[in-house]
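Below you'll find the structures, each written out as structure tokens.
Each of the next two complexes has chain A plus one other chain: chain B in the first, chain C in the second.
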Partner chain A sequence: MKVQIKEFSKLLSEVVDHEIINLELTDEPKDIDGWDSLNHVYLIIKLESFYKIKFNTSRIQQWTCVGDIINDINKIL
Partner chain B sequence: MNFEIHHFAYLTENIDLSVKEMNSFGFELEGPIFEISAQKVSVCFLKNSNNIRYELVRPFDDNISLKRLIAKGVTLYHTGYSVRSIKESANYLRDKGFYQVNMFTSEAFNGNKCAFFISSTNNLIELIEQ
Partner chain C sequence: MRISFIGDNSIQFLIKKFTTICGECNIYEGLYNSIDTEILNTEGELYAFKPDIIVIHESFFSYQENFYSIQEEETKVRFHIERSQRIIDLFYFAKSVLPNVKIIYPLLHEYDDSIYGTSSLKVKNSLLYQIRKYNNAVIDFAFENDNFLPIHPLNYKDDTLNNSNGLYFNADLHFSIEYIEFIADRVHQIVKSLQAQIVKCIVLDLDNTLWGGVVGEDGPMGVKVSGQGEGKFYRKFQLWLRQLKNRGIILAVCSKNDEHIAKEPFEINTDMILKMEDFALFIANWENKADNITIIKETLNLGYDAFLFIDDNPAEREIVRQKLPQVLVPELPEDFTDSLDYLIRMNLFENRTISVNDIDRTNLYKAEFERVKMKMKYSSIDNYLQSLQMIAIIRPFDLDDAERISQLSFRSNQFNLRTIRYTKNEIINIIDSSRYLTFCLRLRDKFGDHGLVAIAIVKINNNKEAFLDSLLMSCRVLKRGVEDILMNKIIDNLRSLPIDLLVGEYLPTSKNGLVQSFLTDHQFDFISKLDQHSIQIDKFKTIKNNINESSN
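Our next item is the complex of A and B:
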């Protein structure tokens, strides 16, 4: 299964509580309204629950943009 | 590992009004209102005769996460614990499945280190290094 940005965008929208239009792989937390440190952790929990995966903490610390997260999910799946 | 409860934190849009409300059931202000820039909040502490302490937390206008919690009707939102070592406690909590949200120094605790952690069941806790 390959995670698509559209599906990721929907999950992120649920976390930040507003619809995100045209999310890009290069988008970073600072580019998205409401994507702060607390919501970042809520996103991790949501992704782990949705995809039934467990992220490696050291990998999480290396994420800088949406593409990094999606790549990590796809590597785990 | 010893986690001593330091406070229960309440969100409010109006600290003065909340202080008055808490005065009415025996809680007294412990000190000034602090602005914690790293967390984009103003806070103050109140304690009663049973040594129960509350932290009132007013988010700055650009603190979207906490403003949204208030909008959803969430007020009581985290528990603060005093710990001897943030580092040791953080390792312990991570082993227990908690996620670290951040680490910062707080004007409300003489510049001591603090950190927030959250569990997969949304149990949000703050550690305050003594």
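Our next item is the complex of A and C:
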């Protein structure tokens, strides 16, 4: 199973509480309205429970963009 | 209600949850990890906000960290005494500034670190033993102080307090979101109970309120208080009122009737649940009901806000509401037999011993506080900061630190004068350049080493003038005077060059309001033309602070 950006975009939209259109793999938190450090934590919690995974502590720090997160999820799944 | 949240972990999550369930509350979010400094700083924002309630959310992880920082085993045994005395001291300190403030304090989660295997409760210097003794000391204290309200985490079902170490280490999220929701809900329950108007006396109408029908027409035996239908409701209503009376709520009658007619059902109708002796006052006349309530109030010597008025007649309710706005007059359902459920749902009879008692006790508290203050360790913020035994090491940037300095510049949002982000390479370039003076500050105190927590970058413009390109600090060490010792150091360095003028600039962002007045607070004068500030180096007075500088 490969996670698609579309599904990720939907989850992120729920966290930041508005619909994100045309999310790109290269988008960073600063590009998305409402994706602040607090919501970043909610996003991690959401992704972990949605995909029933657990991210590696040191990997989380290395994410810079949407693509990094999706790559990590796919590696774990 | 005005509520302050302070904590030693990421309390934003607790606040966010709390605001979704308690819309009408005004909230102050304390600075990150500064429980002691917020409470001990009488000039600070916590007291300026004038909270009714302060929620102190501490994490057992922090307790553990402090516990682990102790080397001597004998000190470990006494750790819970020192820590519980600290919370008690903080409570009295807050009380000395805001006499009626209430403190809500979730107890620490009991946690066994397995150092002593299964013998943790047989070893006095085990973490579990120290947490349990601590909680007990806090509970004992709460028994004596109505305004100190502990929350126990025992009803929380889930064992997984913390569902992700990744979030703990990365975001300082000590608890699972579910646990935070549990605490938020508990806090909300307490807030609701504090907000409730405390009813001490119920003033009741008679006809079609305590019984069905009109006693003047139907006679004392004809009023409906039993049997099926309408009578069944009035019987149930009277039973409920009798329970309240037994609990200590005062009942009074206020009816438009001739007194002897009004009393008859109580005296001769054996179906009546309530009897004459159940009423503290019985007023039946043809006067205005608002005036009669005033008589009851004067007699009982209570405030108007201790009264609940129940009458089936909307016109009577309206008169009382208009004349005595403090009296609680519920707008009852049109069908009066729905009123009992309605009143029960209103939850009007909270049993928390606050308000009247507390006001009486205020002076007692004050005296008690004076006594406690004598033996208190921290009677002021300075004493507290001194007790931390802080040591700072301030050095120019080192290549080895470039990574950490860059990270700090990206992560610090609150205490950051210009919010310039530097990559590692930019930091390396700055180190190599002769045009910059750089400062990085490491801090340690009696509880441990905080590492590199603050940096400053000063750009030398020419042989007279320098510019404060960056000054930022990690929010772990706010309000300890770190910025003061750093400013002293910067000025000392500039003075030795010598440079005459240091120019500073504040660039506002959505998050750095904290340093809005940093420049004016640190002796910078405003230069109107450039919207910048500057210091004449020779006029700068060294700022007193409680940190000792060391070279290693």
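Operating definition for what follows: the second predicted complex is superposed on the first by the 77 of 77 C-alpha atoms of A that agree within 3 Å, B and C clash if a C-alpha of one lies under 4 Å from a C-alpha of the other, contacts with A are read in each partner's own complex, and residues count from 1 in each chain.
What we mean here is this: contacts are C-beta pairs under 8 Å (C-beta built on N, C-alpha and C of every residue); 3 or more make two chains touch, one makes a residue touch a chain.
Predicted model, so just to flag it, every value in this text is computed and none were measured.
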Inset, instruction - Mind working out whether A:Asp17 is in touch with chain B, chain C, both or neither, as first, second, both or neither? - result: first
Inset, instruction - Mind working out whether A:Ser37 is in touch with chain B, chain C, both or neither, as first, second, both or neither? - result: both
Inset, instruction - Return first, second, both or neither, reflecting whether A:Ile45 touches chain B, chain C, both chains, or no partner chain. - result: both
Inset, instruction - Determine, under the contact definition given at the top, whether A:Thr57 touches first (chain B), second (chain C), both, or neither. - result: both
Legend entry - Partner chain in contact with A:Thr26 - chain B first, chain C second, else both or neither: neither
Inset, instruction - Could you say whether A:Gln4 touches chain B, chain C, both of them, or neither, answering first, second, both or neither? - result: neither
Legend entry - Touched partner set for A:Asn74, first chain B, second chain C, both or neither: neither
Inset, instruction - Would you mind listing the overlap between the chain B footprint and the chain C footprint on chain A? - result: 37-38, 40-42, 44-45, 48, 57
Legend entry - In the complex with chain B, residue positions of chain A that touch it: 16-17, 33-34, 36-42, 44-45, 48-49, 57
Inset, instruction - Would you mind writing out the residues of chain A in touch with chain C in their complex? - result: 37-38, 40-42, 44-45, 48, 54-57, 60-61
Legend entry - In the complex, chain B residues that touch chain A: 63-65, 68, 94, 99-102, 116, 118, 120, 124
Inset, instruction - Write out the stretch or stretches of chain C touching chain A in their complex. - result: 10, 12-13, 16, 163-167, 169-171, 173, 177
